[in-house]
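Shared between the two complexes below is chain A, which pairs with chain B and chain C, respectively.
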Partner chain A sequence: MEVLAETLNIRKSYEKQNLFSKKKEKVPAVNGVSLKIQKGCSVGLVGESGSGKSTLGRMMAGLETPTEGQVLFRGQSISNISLRKMRPLRRNIQMIFQNSSSVFDPSYTIGESIAEVIKNSEKVSKKECLGKIETILEQVGLDTSYAQRYPKELSGGQRQRANIARALVLHPEFVVCDEPVSSLDYSLRKQVLTLLNDLRNKFGITYLFITHDLNCVPYVCDIMAIMYAGKIVEQIDLKNNSMQNTLHPYTSLLFSCIPAKVPAERKKCTIESIIDTTVIPDSNHCCRFFLRCPHYTERCINEEPLLKEVANGHFVACHIV
Partner chain B sequence: MQYKIDKGVRSENVILDIRNLSLDYVMPDQNIHAVIDLKLVARMGKITALVGESGSGKSTVALAVMGIQDKNAIISNGEIYLAGTDVLSLPKKDKRSYISNRVGIIFQDPIDSLNPLLTIGEQLVETVLIHEKITKNQARTIALNQLLAVSLPQPEELMKKYPFMLSGGMCQRVMIAIASVFRPLLLIADEPTTALDVTIQAQILHHLDSMRKRDGTAILLITHDLGVVAEIADDVCIMKDGHIVESGTVDDIFYNPQHVHTRQLLAATL
Partner chain C sequence: MDEDDEHMMQIKIQAIKKLNVWFRSSNGIINRIFTQKAPVFGLVIVALIIFIAIAASVIAPNDPLKVNMSMRLEGPSSLYWLGTDNLGRCIASRLIWGARMSLIYSLCVLGLMMVISIPIGLLSGYAGGRVDTFIMRVTDIFLSLPTFLMALAIAGTLGPSAKNMIIAMASVWWSSYARIIRGMAMQMKQQDFILAAKAAACTHSQIIFRHILRNIASPIIIMATLEIGSIILAIASFSFIGLGAQPPTPEWGIMLSDSKEFIQTQPQLMIYPGIAIIITVMAFNLLGEGLKNAIQD
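And then the complex of A and B:
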């Protein structure tokens, strides 16, 4: 299968200026991630807030430049190219942002906002442009009259649909979805996920689906990658492996935190096992999870675990597995 | 002045008893009926979940119980019995102290609900001093214990920090610490975990659970997440467009839902 997007050991750190001295502090967000996304094979990126999953997504969408490493799209580096060269690629790489209310210009109608996207990469007549807008609005399940409405006149769920329409109007090949459903109501969540799935089947889109909700992942993704402290700690191919077969202690922690589906499944006392610390060890020569890990050994403190394949399409970075 | 008192409810451990509450938002061109003929009961040591989609009026109920609804919100009918007294019949000067001594509230966005200009310690001590006539040092000790109770690490250090220096989950636990410092009879939690990660959510739910077991606090949990409800609630009320369409124990709602809307909500579970 063709590799669509790829990251080669990318790192990104942000500089934090100290208020009172000239000292600059480096805050690492992504710490050496190599990820291959094959065409038609959507990847779900799961982690807590602060794990660097959004930064990785933004770098893969070409919105951030990595401090080290390369992002390749169809074998071509997109991390250091000029904006002019980026423009033709942009129509194939799109992003669905988390907060749909800040995506749209409040003084533009939904139709005008979407038209802006089309005009940026295609020379089309007004009529064709209008036709495209109407088609995509219908495809995301909105009435065509919504093109004349302003963002504030739409409810959260409708605006998220319009947001999806904006990202997909050019039929991109690769779409980064940054928590597309986490700001939505429970009942709308399933609708939007089903919509993303339908559109994927219709247009052959490949998603990088960023979320902190493990329940969403099997709906839209073929591969699940768990991120912790800027690194991928587990990657599992959901076609060949069951989601329950995950091995990394962090993944089990995430699974144990999912609320029960029905009252009979209530867990007893698992919450005590969540060791309460968000402290991440500074050193690059230890497992970054060991302070929270219930099974850590001396090896975890002295040596950093690397991703290794434990089953077909299943990678884990942990010494004890 | 004689307040409306209902002694009967006290015996049944009922902390909050909302009877036929109707609330309208008065707008220049129209009136919106946000809450219509709502009945709801919260009992001591139990978690009552109020579930509904956004716009169904569940937060309005929370604000009405606290007496902090918007100025254009008019309560047209009904009674809110809090620990046996109808708070709507209380004169304005008694209302605030009556409610604030009995009810604590935590909101959806933990960072916004703390004062950014005061340290965590100042905010906690301030709350303690409002409710009890003690010295500042005693208040400090209470505040420290309170932070330990919600298992925040290094409370001494934390007292000196400002809200922006903490993560969302830590802020929410500080909010629980503040809301529970005077051992309220009722805690209203308005979407307490919606903005948080699953791991933090599990911690917050754990603290709510231990609070009702330890202090016998009645908790009114407002949420749209049925997963949270299945995990922790005892009684459930499903709300839609200002009405309670179905209410019952958590087992009734999950295993034997009657109303169409309840079934739709359950079907939307991932």
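And then the complex of A and C:
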């Protein structure tokens, strides 16, 4: 299968300026991620807040420059090129942003914002452009009259759908979805996920689906990747493996935290002996999870685990497995 | 416990009611005089001044430059509405033409300032890094020059004239604007919709002009409106000390300067242009404040 987007050991750290010392503190967000996304094989990226999911997503969408490493799109590096060179690629790399309340220019109507995307990538007449906007708005379940509204006149859910419409209007090949449904209520959530699925089947869109809702993942994605502290700790091909069949202790912790559907099965959301801490060790030479891990050994403190294949399409970075 | 809570609640409600009465009554007065009527009042006066300036040649009863030595320092009459000055020129006509001069000069200064400061501020704020540091240091140099000294230097080298005064004022005053615009551009640059614009394949110039400038346009317009008042004042002062427009141009500052010898015998010669300046400056300030309030809400 054709590799669409790929990251080669990328790292991103943000600099924090201290008030009195000249030394800049580095805050790592993404810590060496190599991820291959094949065409037609959507990846779900799961992890807790602050684990670097969004940063990785933005880098893969070519909106942020990695500190180290490279991002490739169809074999071409997009991690360090100018906006002008990026322009022709933009048609095929789009992003659905997380915070829909601030991603629309307040002085533009929704229609103008979507038209901007179309006009920047395609030469179309005014009529065709309007037609496209109306089609996509209908597809995301918005009335066509919303094209004339300003972003502040829409509710959160409507804005989120407009946000999705803007990203998908060109039918790009690769879309980074940064928590596209987390601000929507459940009925809408289903509707939007179905929409994403439909458009994927219709136009062959591949998603990098960033979420913290594990239930969404199998619905849209073929591969699930779990991120912890800026690293991918587990990657499962959902076609060949069951989603429940996870091995990394952190993934088990995540799964144990899904609320039970049957009252009788309610449990406390902890694994025994999970240490209640969110401290992440600041070293590159240990497993970043060992402080919270119930099974850690000497080796976890001294050596960083690498991703290794344990079953067909199932990778885990853990010494114990 | 419940009774206590209820009692506390009652006290709170009463306090809030009391506050409301105070607040509303004072707010009401403030509202009526300052926030609602004032900008309209300002707008009406500004519109009137602009009308007078445009139609000066039609409205003015006499030629503002015509000297009539037989009619020196006359009182008001049907021919000379506000009397005549020390050279027998019609004061009313000079005031009316002065409005045109003041507006033209101040708009020139303002336009020149904007033409310099908007591109520089936008570039500095958007580019950031070394470009920003360099531009801001240059701006600091201009910021540290006193306007009047600069005007003296320019008048000394190029000779005093209205044109040189405009150049002197714009070349110094643009710097504070560039700073403010840079700050606004920096703030805009960090907004999420700029990232979205990048994802929408916008070029840098599209981002700067179609997104950043479009969003900071209204605060810039407010700033400009508020500034016109002080520019008019500064122009009058420059003309008063002889660095700006030169006599016999009908200009308010020159009228003040011409009549200063007669302050004890004919004080109205100074009072008329003084009042004209005060009203104009006040009107523009009221309008600017009103715009500011209206847009901030």
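A few remarks follow.
What we mean here is this: the second predicted complex is superposed on the first by the 314 of 321 C-alpha atoms of A that agree within 3 Å, B and C clash if a C-alpha of one lies under 4 Å from a C-alpha of the other, contacts with A are read in each partner's own complex, and residues count from 1 in each chain.
Basically, a residue touches a chain if its C-beta (ideal position, glycine included) is under 8 Å from a C-beta of that chain, and two chains touch if they have at least 3 such contacts.
Quick caveat, the model's predicted, so the values are computed rather than measured.
With chain A as the common reference, the superposed partners chain B and chain C clash. Using the contact criterion defined above for the overlaid structures, shared-chain residue A:Asn215 touches chain B, although it does not reach chain C.
By the document's definition of touching, of the two partners only chain B reaches A:Arg189; chain C does not. Once chain A of one complex is fitted onto chain A of the other, the partner contacts of A:Leu19 are absent, as it touches neither chain B nor chain C. Judged by the touch definition given at the top, the superposed model places A:Ala61 against chain C, while chain B stays out of reach. Of the two partners, chain B and chain C, it is B that touches more residues of chain A. Of the two partner chains placed around the shared chain by superposition, chain B is the only one that A:Ser49 touches, whereas chain C remains out of contact. Of the two partner chains, chain B is the only one touched by A:Val262; chain C is not. By the touch criterion defined above, A:Met1 reaches neither chain B nor chain C.
Applying the stated contact rule after C-alpha superposition, one finds that A:Gln94 touches chain C and leaves chain B untouched. It is stretch 91-99 of chain B, out of 91-99, 127-135, 217-225 or 235-243, that runs into chain C when the two complexes are superposed.
Per the touch definition, chain B reaches chain A in the complex via residues 53-55, 151, 153, 167-168, 197-203, 205-206, 224-228, 230-232, 250-251, 254-255, 264-265, 268-270.
The part of chain C that touches chain A in the complex is made up of residues 191-193, 195-204, 206, 211, 214-215.
Across the interface of their complex, chain C is touched by residues 58, 61, 63, 83-84, 86-87, 90-91, 94-95, 97, 99, 102-107, 113, 116-117, 120-121, 166-167 of chain A.
Across the complex, chain A meets chain B through its residues 48-50, 155-156, 185-187, 189-191, 193, 212-216, 219, 253-254, 256-263, 265-266, 270-271, 274, 276-278.
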